[in-house]
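The letters A, B, C and D name the chains in turn, as written, and every chain counts its residues from 1.
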Amino acid sequence: MKMQRIETPGIAHYAYLIADGTEAAVIDPGRFVEPYLEAAKTLGVRVTHILETHRQEDFAMGSAYLAEQTGAQIVNGNFETFEHGDIRLNDGDSVNVGSLTVKALHTPGHTPESMSYVVYPPDSEAWCVLTGDALFYGTTGRTDLPDADKSIENAGILHDVVNEKLATLPETTVVLPAHGPGSVCGSGMAEKPYSTLGEEKQYNDVFTLSREQFAQKKGGERNPRPPFFRFMEQVNKKGGLAPLPRTETVPLLTPAEFEKQTRNQRVIDTREPEGYAGGHMAKSHSIWLGGLPVFGGWVSDEKTPVFLITDRNEDIYDAAKQLARIGIDNVDGALAGGFGAWRSSGYPIAASGSITPETLRKSASNYQVLDVREDDEFAGGHIPGAVHMYVGYLEERVEELSLDTDRPVVVTCGVGHRAGLGVSILLRAGFTGVRNLLGGMKAWYSLELPVES
Amino acid sequence: MKMQRIETPGIAHYAYLIADGTEAAVIDPGRFVEPYLEAAKTLGVRVTHILETHRQEDFAMGSAYLAEQTGAQIVNGNFETFEHGDIRLNDGDSVNVGSLTVKALHTPGHTPESMSYVVYPPDSEAWCVLTGDALFYGTTGRTDLPDADKSIENAGILHDVVNEKLATLPETTVVLPAHGPGSVCGSGMAEKPYSTLGEEKQYNDVFTLSREQFAQKKGGERNPRPPFFRFMEQVNKKGGLAPLPRTETVPLLTPAEFEKQTRNQRVIDTREPEGYAGGHMAKSHSIWLGGLPVFGGWVSDEKTPVFLITDRNEDIYDAAKQLARIGIDNVDGALAGGFGAWRSSGYPIAASGSITPETLRKSASNYQVLDVREDDEFAGGHIPGAVHMYVGYLEERVEELSLDTDRPVVVTCGVGHRAGLGVSILLRAGFTGVRNLLGGMKAWYSLELPVES
Amino acid sequence: MKMQRIETPGIAHYAYLIADGTEAAVIDPGRFVEPYLEAAKTLGVRVTHILETHRQEDFAMGSAYLAEQTGAQIVNGNFETFEHGDIRLNDGDSVNVGSLTVKALHTPGHTPESMSYVVYPPDSEAWCVLTGDALFYGTTGRTDLPDADKSIENAGILHDVVNEKLATLPETTVVLPAHGPGSVCGSGMAEKPYSTLGEEKQYNDVFTLSREQFAQKKGGERNPRPPFFRFMEQVNKKGGLAPLPRTETVPLLTPAEFEKQTRNQRVIDTREPEGYAGGHMAKSHSIWLGGLPVFGGWVSDEKTPVFLITDRNEDIYDAAKQLARIGIDNVDGALAGGFGAWRSSGYPIAASGSITPETLRKSASNYQVLDVREDDEFAGGHIPGAVHMYVGYLEERVEELSLDTDRPVVVTCGVGHRAGLGVSILLRAGFTGVRNLLGGMKAWYSLELPVES
Amino acid sequence: MKMQRIETPGIAHYAYLIADGTEAAVIDPGRFVEPYLEAAKTLGVRVTHILETHRQEDFAMGSAYLAEQTGAQIVNGNFETFEHGDIRLNDGDSVNVGSLTVKALHTPGHTPESMSYVVYPPDSEAWCVLTGDALFYGTTGRTDLPDADKSIENAGILHDVVNEKLATLPETTVVLPAHGPGSVCGSGMAEKPYSTLGEEKQYNDVFTLSREQFAQKKGGERNPRPPFFRFMEQVNKKGGLAPLPRTETVPLLTPAEFEKQTRNQRVIDTREPEGYAGGHMAKSHSIWLGGLPVFGGWVSDEKTPVFLITDRNEDIYDAAKQLARIGIDNVDGALAGGFGAWRSSGYPIAASGSITPETLRKSASNYQVLDVREDDEFAGGHIPGAVHMYVGYLEERVEELSLDTDRPVVVTCGVGHRAGLGVSILLRAGFTGVRNLLGGMKAWYSLELPVES
């Protein structure tokens, strides 16, 4: 038996390849299937099964495409919210991979169709359990996705299935979840290489809290639900999306071509916020590379053409791939040579600027402050007098802001990434004198500057 | 201006990428387009044009697929034997790539639609000419393909266009042909990194021989025409074939699965001839890795399922790719773990065996000798008493051989590769005591053993 | 906390990188340190500690070189058989890596200085234990190395420390040993991705057997001790060996150069046994690629120049690296182009040949049989009348064989690899008619042919 | 015969590998020899000769190290300014590589010891000439390096040798120089893939100008001579430098560690100028990645410890390598996680800022302008009233500037890279209100703003 975890950075997604003999199962593959095929080649096995724990919301799955490539069968639960699948398992059913037995357990709560898969070597107790989003390290998946109003109810259901079905497996069972810390499918995950059921029982809140406590805590969380979740659910019901050829062939454009083709189009600048502050193309959105597979889905969608400005050419393909993970495939062009090419060509450059916490503190009355963090973060403490709106809602609701467009605005978030996007949205909306607070609330706290809750 | 040659090993195919500014043309792309896309990415350019010199016969082109991936336009000559193309050029027409002018010259003789493309930097003389198979280093492409009976006539036409159209370019024009030494599209090519028109004029037979001499020499060559040429011509008329997903996902089979699935199927053993001689699966064909894109097309075709036995797992994907270059896409399985897995499983192993030239010489009367080289090679000198049949024809015409199936047969070729295929065909046909002459005619000559012409 | 296992194929060696924050420890690094540096780069950490569990015998360590490269400190046990180390720990001592505490446990038995290292995250129970060769999956390391006569005694000691020191850690503690199945440092290891102490307690013989039973079983094993173990112990006392530049620059030689330079030199042919049987250079030793880091050490040593014949050029660097893992650095040349270049050049080729089990069975009286497996394997069942000598001893003791050099000899082992080496040694010693039994005892058993014990 | 050009980006350095049979020569290798070894492996050849055209000034050579690795012999001219070499050739002498003859021509003028090497295939005219810095595409190397006062004299000598020795080779001879456009060893090189002697004769000023004209033009050029040139000459006299292990193992530091270790140390920030303008660590120097192998040598040297701040971790190793190319090996640490880690940790961030050409124009009286381009560039046209000092001299001579430290300064160069370094030097010197002119003179000219000469 062999097991490999294959991580997708940016979305903290964990897929797995479990092999025995010449057969292998891939669990929860993403859209770009090369790493799974590569792992299978390295181990000298063929992919015979693709196991889906649930209909993922935060990325496009690759099940259907991987099945087409390999001839493998797609295995999932026999529930309505899966619309596809070659083998539909009920709770307790099993399939074989080489000499391994893979037994399905129905573990709803995160989503109604969520399945866990327990792997048994021949004549042995369970070796591992693939839990999808039902059980993470340290906590479980969020329970508000199917219906935000039933989040507490779903959290109770999840507490039940984890404590009744999973908890009966041996303490040494290795827990293999679909996400690690940083995923938008949950919050509060622990960072550890691997964990066992015995370990989780000691500190994971689904075990350490009572059903009631857990339901209140987990069900009471307020996490934004990005608009692309709906599209992901739709495509994943059918096994996801195939890779998009154009991620490798985004047309590179000269500054002149870029300037011409992007008029009235969506331009995303993937540089870090300091780069954007120091100089950028007017009207562009600022989303740092790592933020694309989440915030790209807040400012664009699967139908809108997108153009990219990056720090360097290599980033273009990475950026296109990050967007494609959430179904944004229409990257119709990118500036060849990165922002430097724009600069070197003498085209107009706008600059926003930045401000240090000390300067803001000293001349607070000169500035309006906009805090673009999540509700829970803002509630936990913010700069006195700061206006609040989550960055995801900013583009659509900028007019609701009680801010004066003629007076300088300082935008802040945790450390400056989301504020960068906020800055660019304000600039597009006609604000002037918009600045990114250098180091964000992290710096503000480090300097022990005043905070209100 | 940038220029890169991108070689496809095994078929001695040269494609080129010529770039200027952010635009690039790819000339004569093969089916697997990654190297071209990679080159474009490295240079920071987009592929805007795909130039076809002619309808290739020896490999599946990738023009249509590359166009689909990049949005580039396919450019070729305005002749019937091309059935596709976005821009159809007549002799003297031109297109622009960045600031470069690319001018088409009609240079038939190898095939009727053959075009050459001359590249002019701004305000400059010609820098290079892409000659396809019209002009190689040292010679031209073969002239028998459209019609073997008109080979001499076509050679004359080719002599004319080279001497009249190409020869008028500057001596320093870099000549960039579609093939190098080892290609089945010609014979007698010189191995050099690059060459110029001035250099070629000094030693290339199309320049050093008179029209009449050249027509007799080139038109008189007898080169086999592999059966896959016809299929290649058909697909290339339409821009070739897309990559086949399964080259990366050939199903790996255990010996037991392999034994079961390959009954009455075509099995190709890609190990070197000594490995096959030392032990192999009965009924398998022996074709060394490098020989697949030529000899694979003699023993199989685009419709027949193929199974592979290799030296090691890594070779499987390479082998599948080599076959796919000539449209053989149905690789339905491969032995996981290479021949060693078969050996280790206790399945039956056949062995043919080998014989040294000295042993053959000493006991010549005990052996029948079969020489499987090409006609011209055999005519140039062979072992006294050897029977001759080109290896490509052997499978279909083995019954015509004047050989006794009950007496030992020694098979020979140049150095042993083609003889390995010959050995496997004889064994399949029921011959016993079949041996590969170690080192082939090369060794025979080295030992100065007797030869007859 | 991050943990990565870094495997060295061929010797089934497991090194580990354990990181926290920007610090990392590498445990038991091998001589070629690139994979450790690459892992550290990918994780964005610097190597601050190098932990040695014990003085390895089966490969050259890379501790000293890795320390020189990174500035890391070498950590090991405060025992005489380590002669180096920046931090020398006694049982119970600990060091910190980031926020992790790494606690040393003295766990002798495999070797007297063997240490295990328990890793504790902050305010947590043990997460993993790095056991070196003290505890493998399914069994322990062999106990005969320090002194074969005290093997039973050492096995008792090992049983004690495992059951007294390691067994008290939590059941969920991940066990991270230095070797997996296939290593010459033990036998009977289980193949599993990871294991926990709880799992091991259920089936590992050091837990399931009594002290007395375990001591008899483990101490009674008869494993050959390759001669390079002594040299490895010497170099590893001082932190191992630095990478040898020449593994990347083995001089490639034409057949003519190779023939001239290898006269009276040691030539190793790394092709599979069928290739060697089908044709080889006279006097060469046959050791398949994967067998080099064990059997290379039986036929050569750190002082003897070695020349290589491979299947293909790529294998040369791999082969040189495999040999360098056990300190054989003098690879003074390799045949450019693999054996095919020799064949194509018309140089003399010898062939041994192979024989099927059925043929041997039918005409048993014509053949002498030599079985070159280990004592325990031979004792478990062999071909009636077979002579036995372990392949490792064959070169030195070939004259002791009760075999007639003039009568055909069939050599056999498990499946044919070791027999291939045996064949080559017999040929060098002047035997004629030497054949490799195709498929070895595996095939013999599959065919249910007669066996004697 | 095979030929490969191996480029070192950043310094526009061209090395070559020329191979025949199993032998190869590497011409003018740089310090990091992997690409040469890789090319040799791919071609299946061994490096037997290392040819040096001259004692390079702009990068550390790798001749001695490559010779040590491969056993190759170093070949150069028999002149005092080479202090090493296994084979010392006089004008007209030759060595053999495979079947090729390599003939040396003494071609001084760039440096006194400069050699060119002409390559002759068997029984053929010259195929190529390796010209070092004696003949580039479009021009020659600069002639001021040995003695700026004798630049005109040297230019005359160079004109002589090129026109007398090289010009007699056939027109089709491929010219293979040591540098392309962008090198500091010359100016005005043409960008083309390859060129021939015939082509060069048509447009290269060493051919199109008379001796007198050329001597005045080339000898009259004013190119800065970076301080590291002297050190490079010293090490290259002895065959250069070996690779520095630490380029792969630059210690990664947390912001806290970085802050502590870099007090009073040299910190180089390799991000693009906009990133630096938007936020940076106080006192750091700004040098973009691509500028390190030139400007790193103006602000640091081989003895000074250097610490790096990059955009991302991957850049660290690239940056260290760029610096190591010019002998700056003491990279003692880098900020783990790039500038983002600094930002996220709440440490103090300084910002400079940028200004658009229009704003500067509109309120010109508010700003002092510093132009940091080369003398020739400044002389060709600059912003009215701009103060001039070449960026390379700025650190040492900042006090000579006729600028008021209390009034805002706008720094400009061609497009903003060198100005970024200028900005950081002014900030370190105590200037406040320092801004980088967005788009530099390129943008200024695009907007047709006023210029004075």
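Rule of thumb we're sticking to: a residue touches a chain if its C-beta (ideal position, glycine included) is under 8 Å from a C-beta of that chain, and two chains touch if they have at least 3 such contacts.
Treat the numbers as computed from the prediction; the structure is a model and nothing was measured.
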Selected pair, greater C-beta contact count between C-D and A-D: A-D
Degree value of the rotation bringing subunit B onto subunit C, based on Cα positions, nearest 5: 180
Chain whose Cα centroid lies at the greatest distance from that of subunit A: B
Distance between chain centroids, defined by C-alpha means - subunit A, subunit D (Å): 42
Centroid distance [mean C-alpha coordinates] between subunit D and subunit C, Å: 48
Of all residues in subunit D, the ones touching two or more other chains: none
Residues of subunit B touching subunit D in the complex: 1-4, 121, 125, 127, 170-172, 174, 191-194, 196, 198-199, 202
Residues of subunit D touching subunit A in the complex: 271-280, 311, 338-340, 343-351, 353-356, 414-416, 436, 438-440, 442-447
Subunit D partner contacts - residues on subunit C that touch it in the complex: 21-22, 37, 40-41, 44-47, 68-71, 245-246, 248-249, 251-254, 257, 313, 317, 336-337
